[in-house]
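A, B, C and D label the chains in the order they appear, each numbered from 1.
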Amino acid sequence: MAGNIFGNLFRVTTFGESHGNALGGIIDGCPAGIELNFEEIQNELNRRRPGQSSIVTQRNEPDKVNFLSGILDNKTTGTPIGFVIYNKDHQSDDYRHIQNIYRPSHSDFTYEKKYGIRDYRGGGRSSARETICRVVAGSIAKQLIKDIKITSYVSSVGNISINKPYQDLDLSKIEESPIRCPDSYTAEKMISLIRKIQKKGDTIGGTITCVVKNVPVGIGEPVFNKLHAELAKAMLSINAVKGFEYGSGFFGSELTGSKHNDLFNSDGSTKTNFSGGILGGISNGMDIYFRIAFKPVATIMQKQKTIDKKGNLVFMEGKGRHDPCVLPRAIPIVESMTALVLADYWMYRKLSKYSSIRN
Amino acid sequence: MAGNIFGNLFRVTTFGESHGNALGGIIDGCPAGIELNFEEIQNELNRRRPGQSSIVTQRNEPDKVNFLSGILDNKTTGTPIGFVIYNKDHQSDDYRHIQNIYRPSHSDFTYEKKYGIRDYRGGGRSSARETICRVVAGSIAKQLIKDIKITSYVSSVGNISINKPYQDLDLSKIEESPIRCPDSYTAEKMISLIRKIQKKGDTIGGTITCVVKNVPVGIGEPVFNKLHAELAKAMLSINAVKGFEYGSGFFGSELTGSKHNDLFNSDGSTKTNFSGGILGGISNGMDIYFRIAFKPVATIMQKQKTIDKKGNLVFMEGKGRHDPCVLPRAIPIVESMTALVLADYWMYRKLSKYSSIRN
Amino acid sequence: MAGNIFGNLFRVTTFGESHGNALGGIIDGCPAGIELNFEEIQNELNRRRPGQSSIVTQRNEPDKVNFLSGILDNKTTGTPIGFVIYNKDHQSDDYRHIQNIYRPSHSDFTYEKKYGIRDYRGGGRSSARETICRVVAGSIAKQLIKDIKITSYVSSVGNISINKPYQDLDLSKIEESPIRCPDSYTAEKMISLIRKIQKKGDTIGGTITCVVKNVPVGIGEPVFNKLHAELAKAMLSINAVKGFEYGSGFFGSELTGSKHNDLFNSDGSTKTNFSGGILGGISNGMDIYFRIAFKPVATIMQKQKTIDKKGNLVFMEGKGRHDPCVLPRAIPIVESMTALVLADYWMYRKLSKYSSIRN
Amino acid sequence: MAGNIFGNLFRVTTFGESHGNALGGIIDGCPAGIELNFEEIQNELNRRRPGQSSIVTQRNEPDKVNFLSGILDNKTTGTPIGFVIYNKDHQSDDYRHIQNIYRPSHSDFTYEKKYGIRDYRGGGRSSARETICRVVAGSIAKQLIKDIKITSYVSSVGNISINKPYQDLDLSKIEESPIRCPDSYTAEKMISLIRKIQKKGDTIGGTITCVVKNVPVGIGEPVFNKLHAELAKAMLSINAVKGFEYGSGFFGSELTGSKHNDLFNSDGSTKTNFSGGILGGISNGMDIYFRIAFKPVATIMQKQKTIDKKGNLVFMEGKGRHDPCVLPRAIPIVESMTALVLADYWMYRKLSKYSSIRN
């Protein structure tokens, strides 16, 4: 398996299965001299944690990260930052029944065909538990680029969506509701929908909107590594994500150029921001914003027909503890992946212009 | 500038500006022994070529590719394939007027701030002319993975869209219309819309749908390099792309798990394909399909207010030869980027399982 | 800091400081389905371990590796293999006295200038303790390419050297002497030299010869990533290494082509092997052999003049537990780095020739 | 084939065969705003050129480089720099006789086994003609890091060597002799040896010493990417190189720590420089110096026994135009590879310490 490394200059490598001993990672390329706030890191993990409210999975993990290297007196030293999160509450017995079957819309089938072997316990490496390492690394990335403010919120659940642009929302209210939607009226509707779905043993998808403020001009590399292309990859690499659009997105494809062009103010800012803060793959200093679609969780508490390894049709029913809707817990993951992309390309930005050899 | 390299094992590096001497690239990692069909490569370039119909730009470039290495007796030798396309019809004078101004929704502003210098002639490196190298490399990638069939078509222009899933279309008809829409009724409507827009000196966006058939199981790497994440990055790296969705996409975010799950047939295929042929980042053997949003071309033939380098407000009007709608010419680019991703991960696939050292 | 990742397809990332909590690493890209022999891994660690004989450092570390992921029922699953080795016997107090001084021929000065901060405890990341992770990864690499036999031995200590080519030695005797020299007569002389040096509080350098047998033809990539170029990088990346030569090496530079050319036998093997098993960067099936020079350990138990951070001249004396001669403990490190290079390029080898898309 | 890309941040990709249409490359990552001196670039190519004196090959190539992109008004723009050198004087007929045979100590055998196909004309990709692209890229790298002075000279030919350290030589005299040895007495002896060897149709090896002055502190990344490890890889990637040593090198392995340690002056410089300007993989501001061994050219003008593809023993005799001793022409290649490594790690150096997000 390749693909457990993300980023180039600020680079994180991760490991770990849902029901293995531990998950962890290594950040290689973090500059020396950053004063780390460990409480903030733990806070991000808590936002992702299972069991934090009644609408998410009740798996009970403390999700405490141990840093093993790269830090002296709370400051990064420039050496790789190794970290580990031990699994505690892994009830692998819940998964014995799926050892020989392929769950619908899970990766059981593809993993087994590709590798000839599969860690069936809790989805193994394909479990969303893997994202915990992204949050650790992402929260360090956030501290590296601390003037940049990354905020995301649940903008729809099923067919219930906020019908306002982010500019009309009070983003300080996101954390007030368990669904992480800043519009309290919509949040209520989302929560009742989830409860209704949950009672049926079903699950539901939704979308998250992410807004990035205070981005300096010049982040992103043109051509193949456009900033929005890296963001798209980062977002689609999150479990269950099916789509990504930034700025005017799919709606922008319906417009004419004369409507869509963002006219300049004399300071280089623009009057509108259909561009979503990125032009030619490079940040232009305006807000970056994008929207991401999540499919409904594949594990449902209903009886489903599926097949076993030999192709026999069998019945299965979801066991274990699962989220009826992953959206609220995905918020810190989306923000972390955004921070990882921005930190990486912020470092590239230092290399664009020539400066004397002595510097 | 970083970011002129795409792929890892089948890797292409490109260079070239819109109005420089030439564009070109190097493919490193193409296996030895592939019999190349040069006519097919040129055919792909012709599909991307300006001047091929009345609804695209009239820049007249032969776009003939010269291969400089890596090929002996029409077969790849395993060494890097260097290629070059000389620019002929570059009327740089058309661009003198923009040397000191920043065009709205172009990358003039971001390039100049990032690099302190900008090749203003025809957009320089940020011009979509850059994509010609992608088509050369992509058409070789297509020949490497030749059993896989990649087809794409224009699924909407402005608010005119095909209201049928790809399964209900006759994809053999795509090349019959200049807009590359397989549904002749919709194609006609799209073309009239473009002509109307063009008369006003305006431009229009749209979407492209891409369908990949006959994909073997096991392509894609989980976690950060999921197959759809790489496809998303590849698509968003194309000029003017604003969004990407695969399988059920944004619509899937409105569904419940019980509706969205793809149930298996006993042979491992699935009854529905909301998953879009990819599970856990790995191809499952079903069709891969995705949809991409393009914004309207930023260069319009209308007078626009903008700013010069000093922040003065100035008026400008588009000159040069531009597309009112890039969609039909983007088709081979979309297919090429898809082929590059698939070729790269098809090569990774050979490494997943252990096989004896002697093989 | 970059540079904590080694390899491309079989790729290891490491972390950890000499006196931090732990060292560890992640192997990304190990194929699925390899049955691991953990005893062999621990055996390699024991060969590198401090305290194993009277001529090496007496730091007493159990050096027990914990695997955290990527393995199920003793078999690799294809997912990343995370591992950690906790530090136990780290007497950081031994290093207080060097917190503000730069030790001669150590990296204290360069680390501090480069990063502005330095983990002074035991050399921090620059300590040879870092190589423990290389041995873990390398011993897994050895099991991946298990038909290939990698053997190395101490070929000189100071000016005492074995004056025979490796073909005339009984390599099965290497582990019999604490100095890991297969020639018992020379081994004795080396050991007495080390004891003499040690009594004076001094240290001594030497060379290691590595022989790789049973290598299939075709490993290595021409041009920049020649097999011997990667081996050279791998060896020079080991602490204290000052030189590398393969095949005829420096001696070969004195010869004429007519003497140096290796003539073929009819089966493609060669009568002589000045080439050292590699032609054009690619293995030719003959034995690969190379020799590596190690400088004497910089920490000596004698009083030395040096400077502190402010440039004041100060006296210092080595404290802590150090090797008078690192050579015997470097043997498994040399072999591990060799295995990592070979495993990586053995995987590349699967990609050279075209084979049908369905395979 | 992989391995046609060198460097990470200052990255060059090359292509081209000895007798193909052209060779060329792309530099990705060169900062914007460097004023290029094209005469200097051509001068470097001339130093590498065949036919420049009676002791080198008489192939007559103008070796004129054409830059195709990335430069505006003689300044780098930050976009990739594409370049091409067309082959003119390629007398492929000289090589028909080797189409079906494997030349001793050439890569014919390994290329054919690895790729199943081989461009036999002039050695194809394995020809040292490939290094022309390294010189183009390297001479641009030199201009990027222009305060650093890289100088190399022939320090031995066969068993004739300069018996003085580089500090005792007048390096300004290197270009005065066709053998590029700064010591005129030794140079004469080298030249007569080469002429003698040449008359016999034979060839001879030798060593090159490279000295790098004025290097700032802090270049190089510890652990796997130590500066000297990258230099070793770079040097061993040059055709015919068999060994590398830096600083005290192999000789240093015979010393004791008390002799070998470089004591500090109060300004951080050292009294001796056994370390060769690098400590812990990072430059310490002292001169970097290293020595490289080249084997004798494998193509000799004498009758040799060898085998054809079927394993039949056949006789062959060198045809074509070849160097009796590659050393003088290798000088600019050694310097170019050195410059590429230093430029790449000089760029990494900008990333080590934290600096505010706004910078």
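Here is the rule we go by: a contact is a pair of C-beta atoms (placed from the backbone, for glycine too) under 8 Å apart; a residue touches a chain by one contact, two chains touch by 3 or more.
This is a predicted model, so every value here is computed, not measured.
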item: Chain of greatest Cα-centre distance to chain D; value: A
item: Rotation in the CA alignment of chain B with chain C, degrees, nearest 5; value: 180
item: Approximate Å spacing (C-alpha centroids) for the pair chain B, chain C; value: 46
item: Inter-centroid spacing, chain B versus chain A (mean Cα positions, whole Å); value: 26
item: Centre-to-centre distance between chain C and chain A (centres being mean Cα positions), rounded to whole Å; value: 39
item: Chain C residues counted as touching two or more neighbouring chains; value: 1-5, 9, 14, 29, 32-33, 78-79, 114-116, 125, 222, 351-353
item: Chain C residues within the chain B interface of the complex; value: 9, 29, 31-34, 76, 78-79, 144-148, 216, 222, 346-347, 350-359
item: Chain D contact footprint on chain B (complex, rising order); value: 1-5, 9, 11, 13-17, 20-26, 28-30, 32-33, 66-70, 72, 75, 77-82, 84, 114-119, 124-125
item: Contact set on chain C toward chain D in their complex; value: 1-6, 8, 14, 102, 104-107, 109-111, 113-116, 125-126, 130, 156, 158-159, 197, 200, 202-207, 217-218, 220-226, 228-237, 242-250, 252-268, 270, 274-276, 278-284, 293-300, 302, 304-307, 311-313, 348-349, 351-353
